[in-house]
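Order of writing sets the labels: A, B, C and D. Residues in every chain begin at 1.
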Amino acid sequence: MQIAMVGLGRMGANIVRRLMRDGHDCVVYDVNPDSVAALVAEGAVGASDLADLVSKLEVPRTVWLMIPAGLTGSLVDQISPHLEAGDIIIDGGNSNYHDDVRRAAALKDSGIHFVDIGTSGGVFGLERGYCLMVGGPDEAFAHIEPVLRTIAPGSGDVERTPGRTGELAPEELGYLHTGPSGSGHFVKMVHNGIEYGIMAALAEGLNILKNADAGVREAEHSAEVAPLEEPEFYQFTIDTPKVAELWRRGSVISSWLLDLTAAALAENPTLDGLAGRVSDSGEGRWTVKAAVDVGVPAPVLAASLFERFASRGEDHYANQVLSAMRLQFGGHHELPAGDVLEAGGRKAE
Amino acid sequence: MQIAMVGLGRMGANIVRRLMRDGHDCVVYDVNPDSVAALVAEGAVGASDLADLVSKLEVPRTVWLMIPAGLTGSLVDQISPHLEAGDIIIDGGNSNYHDDVRRAAALKDSGIHFVDIGTSGGVFGLERGYCLMVGGPDEAFAHIEPVLRTIAPGSGDVERTPGRTGELAPEELGYLHTGPSGSGHFVKMVHNGIEYGIMAALAEGLNILKNADAGVREAEHSAEVAPLEEPEFYQFTIDTPKVAELWRRGSVISSWLLDLTAAALAENPTLDGLAGRVSDSGEGRWTVKAAVDVGVPAPVLAASLFERFASRGEDHYANQVLSAMRLQFGGHHELPAGDVLEAGGRKAE
Amino acid sequence: MQIAMVGLGRMGANIVRRLMRDGHDCVVYDVNPDSVAALVAEGAVGASDLADLVSKLEVPRTVWLMIPAGLTGSLVDQISPHLEAGDIIIDGGNSNYHDDVRRAAALKDSGIHFVDIGTSGGVFGLERGYCLMVGGPDEAFAHIEPVLRTIAPGSGDVERTPGRTGELAPEELGYLHTGPSGSGHFVKMVHNGIEYGIMAALAEGLNILKNADAGVREAEHSAEVAPLEEPEFYQFTIDTPKVAELWRRGSVISSWLLDLTAAALAENPTLDGLAGRVSDSGEGRWTVKAAVDVGVPAPVLAASLFERFASRGEDHYANQVLSAMRLQFGGHHELPAGDVLEAGGRKAE
Amino acid sequence: MQIAMVGLGRMGANIVRRLMRDGHDCVVYDVNPDSVAALVAEGAVGASDLADLVSKLEVPRTVWLMIPAGLTGSLVDQISPHLEAGDIIIDGGNSNYHDDVRRAAALKDSGIHFVDIGTSGGVFGLERGYCLMVGGPDEAFAHIEPVLRTIAPGSGDVERTPGRTGELAPEELGYLHTGPSGSGHFVKMVHNGIEYGIMAALAEGLNILKNADAGVREAEHSAEVAPLEEPEFYQFTIDTPKVAELWRRGSVISSWLLDLTAAALAENPTLDGLAGRVSDSGEGRWTVKAAVDVGVPAPVLAASLFERFASRGEDHYANQVLSAMRLQFGGHHELPAGDVLEAGGRKAE
C-alpha cells in the first residue's frame, strides 16, 4: 500500500527502507532536503512540503509522523487542514499518551483518525523489525495492517509459545492493536518502564559481583575503617564481562538486554570513560506516575528510575541534609572521599 | 570421563542422561532404589550405598552431589572418609556459598577438592543444557571440564557477541570457572537475585497495564470513593496475554522470562486459581544480605524480594500499625474490603 | 480582624472557635444550617448564603474556604463574582497545588488575591494550634497575618533552635509565607509525603520486632517448611506496645507520630479488628509525582506509598503473574495459605 | 548502688556523672589514666586495671562495659575470670545482638549474667537521660534496675499516653526489660533502622522542596536539555531552613530528628562544606538483614540504607553498566556533567 512518512531521522528512514523492500509505496518528507533526496535515490517519492506530500497521496491518506515528541502537536496542526474524514495520522514517535488522547479527541469532529504507535527496536530495527503497539480506531488499524505487518519482525526464529496453534496472530508477528488512541503509547510506556527495571536488576547484580572482593580490599584499608564482619566471604574477584557472556546461555535471565550488557562489557571490559551519569527519557517517569494514578505498587520500576536520578547527583541536597543531621546528633563528621568501605563502622548514638 | 552422581531427583537424573548421551560413564546413587534402577536401565552403573559408589570409581574420583542444600553437609561428611587427596566433591545444589567456603576449608587438609557449581536451567535443562557457574581449585576445574562441556548448553543458536573472535571461550559454551570454592554459588546467587528483579519488573508492568481501565471502573464506584483525578487517561482495557506475546518479538525486553510469562498467560489467561502467594528461595535473600555486607545499593533487588514477602501477608502487622495510627490522628477508619479505588481520596489532617 | 469562614466541618468550626477565643470577628456559612447555628451560639455572625456572607464583610474582604478539595473550584466560581479587587480568597483545604496555580492565574485580572494554606494538626488543632503553610501575594499575606498568628500554635513549649535569637520569626510561631500561590499546598503536600515515610519506618520496624520470635514459631512449622538458617537469633518475644512507649523518652526517634503509635498500641495492644487496609490521600501521591517531575530520587517516600497500595490488595495481579511464572519454569506450586514461614526454602531452578 | 564502668569515652563518662549525681557509687577504669583521673576528681573510685576494678566491687558485682563493639569480646574474656556466679557483665555499647546471644551462652556455665543494653540519646544524654533497652536474665535486670532508673530520662515533660493510669511503668520512665540476652541490642538495632528511615524521609522531602524551582532553572538550561513538561508548576523558591523550623510546631511530623534538622539548617543554611557522603553504622545494615531473615518486608528501611551507600559512590559500577547498555542499544551518550535537568528528555529506542 501507499504511505507517507514525515521525519526521516534514523528510525523514520529505516522504516521507509523496510517498507520499500517489501513493495510498499512511500512518499517522504523532512525539513532536511538531503534526507529526502537520499530516500528518493532508493525509490521513494519525495515531497517538498506538507501540502505537496498530501497532494501525492491516494484516498484514504495515511501519514506517519516519525519526529521528536515535542514537535508532534505542531505537525498535527499543520497537516490536518490538508486532510479529510477517513484519512489517518500516525504518531510513531515517543509521545506521552496523554497527548494522543487529547489529539484524538480534537480530531474527532473532522473524522480524521489518529493512530499512535509505540515502536521498540532501536538501531537494530531495520534488520530485526520493530515491535509495534498500535492504538486507534478499528477502521484505521484495519487499513494500515499491511504496513504494520511489514515493519514488524514477523515470527522470525522465536519459538512458538506452547498452547498457541493455528494461524499466527498479529501479536505473534510483532504488532498488536492495543485499543483506542493512546493505548499504543501507553503500552510502549510501560514497556520502557519494565526495561528500566530489567536494566537496573542486571546493573545492581553486576555491581554486587564486582564488589565480591570487598574482603580483599578491606585489608588494604584496615587502618582507616572498621572491618567487614565476615571478610572471609568476600574474597572473590569475579570477571563480570565473562559472567555476562556466560548467562546468555541456558540461564533463566537470558535476554536481549543481557546480550547488550555482554556486548558492552566485551567492547569495554573496564567501562573506561563512562562516568555513570545515566539519562532517562520520559517513559520511565510516566510509567511511575501512571502507577501512582491508578494506585498500583511499582517499587521496582520506581527504584530503577530513582537510581538514574541519583546517578546524576540529584540526591545531593538530601545527602547533605543527612550529613548535617548526623553532625548535629552525634558530632559525626563525614568521611573523606576515598574511605568508602565502612562495613563494620560503628557510631555511638 | 567417569563421574558419580548422588541424588537422582529431576535435575540429577537429567544431568546423568545428558552426560550418558554424550558418552560419559555415570555411577549413580540415590536413597530411593527405584531412581537408581531407572537410570541403570538407561545405561548407568548403579550403586547400593556411598561406599559402593566410591569403590566403583577410578582415581581421581569425582562425585557430584545433587541433593537438597540442607543435606549437603551431612553427605560431605559421610562420603569424604571414603575419598583421598586429589579426589573431587562437587556440590551442584543450591547451597549458600558460605557453606562452600566452610566446607572447602574443612576439606583442605585432606587434599580433597571441593567444587561448587551453580546451575541454572530448570525443567528445560535436559534439552537446552544447564548454565554452569563453577567455583573451586584450578586443578579440579581442569579435571572436570569435559563433563561441564557436556552439561552446558554449548553455543547453540545464541548469536556471538560482537567483538569476540577465535575459538569459543568456556563462557560462550555455557560454563565458567568463576574463582575459588564458593564463587560458583555466589555468582548463581546473584543470578537468582537478578531473576527476582526481572520477574518483578515484568509483573509490575503487567499490573499497570491491567489497571489501565481504572477510569472505567471508577465510574462504577463513584458513590463510594473519590474520583480518579484524570479518568480520561485510564480508559484502556489491555489484553495482557497478547501484550506479553507481542513483546517477545523485536522489543528490547525480549527475554526468556518474558517467554515464560507469555506461556503462562497463554495457558491461563485469567490466572484462575492463583492466589498470588509468591514463595522465595534462599538466593534472593542471600543476594540482598551480600549487598548489605559489601555496602552496595540494591534497591531493585531488595524491592523484588520484599514484594514476595508482602504477597504472603508478611506486611500485615505493619499495615495494622498504620491503620491504628491513622485512627489516632484523624479518626480515619479503614475502608471496607472492595473499596479499593481511592485515587482522589482526601483526608483533613 | 474580621474573617469569613465557609465550611464548618470539624476543622473549619475549630478554626473559627480558635479565632473567636482570640477576639477575631467571624462570619460563618455552611450548607448545613445547624452548623451555622452552633457557631452563632458561640458568638459568630451567621450567613444564609454566599451573597449574604459577602455582604457582611468589611473591605478588603477575606473569605476562608474550608471545604472538601473537590468542591473548592465550584465555590471559588460562585463567590468570586461577589468580590472585588483587593479581596482575598483563602483555600485552607487539601487541594492539589496545581489547582491553586490555575485558580490564582484565573483570578489575576480581577485583582482578587488567592491564598492557599496547607494546615496540619488534625483533631488536636483546636488546642495545639495548626501549623500553617501559606502561599500567595505578599500584600494578602500581610493582611491576614493577624489571623494566622492566632490559628498557629505559637512558640508553645517547643525549645528554641540553638542559634536563633531576637524576636520570634513567623516560622517559630507556626506559620510561614512559603511563596506565591500554590506554594502553601506544595509544602503541605511534601509534609504529608514525609509523614507517610515516617509512618512506614515506624510500622516496618515494629513489624520486625513482632517477628523476632520467628525462630520460636519455626519449630511449630518444622514439618511443612524449611527451617530458618539461624533460628537461635530469633527467639525474642518483644512487647511492641511497651517498646513504642519506651522510645518516646530520650530516644532519637521520639516524635509525635511515635506518640500516636504508643497511644494506638496502648488502646488496642493486639490491634484487634484492624484489617490493615491502609488508605492514602492525594498528598502522598502528588509528592511522588512531583519528585518524578523534577527528577529527584524519593525511594523512601515512594516505597511508603506503594506499601499502602499493596495493603489494599493492589499488588494482586502482579503476584499472580509471579506465581504463574514460577509454575512455568520449575513447576513450583504456591504454598497453601498458612505456610508463611519459608526462610530457608529452596528451589532447584 | 555500686557499679563499675569500663570505658570512659563521652558516653561512659557521662553515664558515670549521671549516676554519681543521683548518689550511686562508681568504680571506673579506662586504658587512658587521664580519663580515670578526671572522674576520680568528680567523686568516682578509680581502678588501675581490671583486676583492681573487680577487687573494689561488692558482691554481686556489676560491671558496665562502654567500649567500641570491636573490643567487647576481648574485654569480656579478660574480665570474666575475675568474676563469679551471680555477677553481672553489662555491654552498653553498640554490639551486634548476635554477639550477645553467643556471649550469654558462653557465660552460662559460669553463672555470670550477661546483660546487653541498647542506649539512645547521643550527646544530649547527660542532660536528657538515655533511653535504655535491656536484654538479660530477670534476676540481673532486677538487680540493676536502680541504676537504669537513674540513667533513663524519667517521665520528664513527655505527656502521658492516654489510657495509661496508675504508677508509671518502666517504659514510661525510659527503660525496658525487652527479654533475654540479645534482645536489648536487637530492639536498639531496629530503633536505629527506623531512625534511618525517618532521616531519609525528611531528607527526601526537603530535597523535593529544594527543587521546586525546577521550572525556573529550566529556563536557563533551555538550549541544552528538553523542557520540563509543566514548568508552571515548579516556580517556587522554598526556604527549606524556615520550613524545617515551621514544621516543629503543630505539625504531625514534629520530632526530635526534625528539631535537629532545623538546628542544622539554622547553623548552616546553605549546608556549605558538606559533601553529602553519608556514613552508616552497623545497626541499619543488621536491621535489613534481620528483616530478610524473618521474611518481613522493609522497603523503606532498606531504601534509606541504600541511599547512604549510593551517597558514597557505591552505585558507581552499576551506573557505568547502565550507561554502557544505553550506548549499545541506541547510541545514547552520557550527558556531560552539569546538564542535570532533563525532565522531558526523549530517546528513540
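Everything that follows uses one rule, which is that contacts are C-beta pairs under 8 Å (C-beta built on N, C-alpha and C of every residue); 3 or more make two chains touch, one makes a residue touch a chain.
Which protein is which chain? UniProt says A, B, C, D = 6-phosphogluconate dehydrogenase, NADP(+)-dependent, decarboxylating.
Model, not experiment: these values are computed from the prediction.
Because subunit C and subunit D carry the same sequence, their contact can be compared by residue number, and over half of the numbers here are used by both.
The most distant chain from subunit D is A, comparing centres defined as mean Cα coordinates.
Comparing the chain pairs B-D and A-D, the larger number of C-beta pairs in contact belongs to A-D.
Measuring from the averaged C-alpha position of subunit C to that of subunit D gives a distance of 27 Å. Inter-chain spacing, taken between the CA centroids of subunit B and subunit D, is 36 Å.
Computed from the mean C-alpha positions, the centre of subunit A lies at a distance of 41 Å from the centre of subunit D. Residues of subunit A found to touch two or more other chains are 120, 122, 200, 202, 204, 207, 211, 229, 252, 257, 263, 280, 285, 293, 295-299, 303, 306-307, 310, 312, 314-315, 318, 329, 340, 342-343, 349.
Residues 97-98, 101, 120-122, 125, 128-131, 133, 152-159, 161-164, 169, 171-176, 178-180, 182-183, 186-187, 190-191, 193-198, 200-202, 204-205, 207-209, 211-212, 214, 228-230, 232-239, 242-243, 245-259, 262-263, 266-267, 287, 290-291, 293-301, 303-304, 306-307, 340-343 of subunit A touch subunit B in their complex. Every residue of subunit D that touches subunit B in the complex is listed here, in rising order: 252, 280, 285, 288-289, 292-293, 295-299, 302-303, 305-307, 309-310, 312, 314-315, 318, 329, 349.
Subunit A makes touch with subunit D in their complex at residues 9-11, 68-70, 93-94, 96, 120, 122-124, 192, 199-200, 202-204, 206-207, 210-211, 226-227, 229, 257, 260-261, 263-265, 268, 271, 274-282, 285, 299, 303, 307-308, 310-332, 334-335, 337, 340, 342-349.
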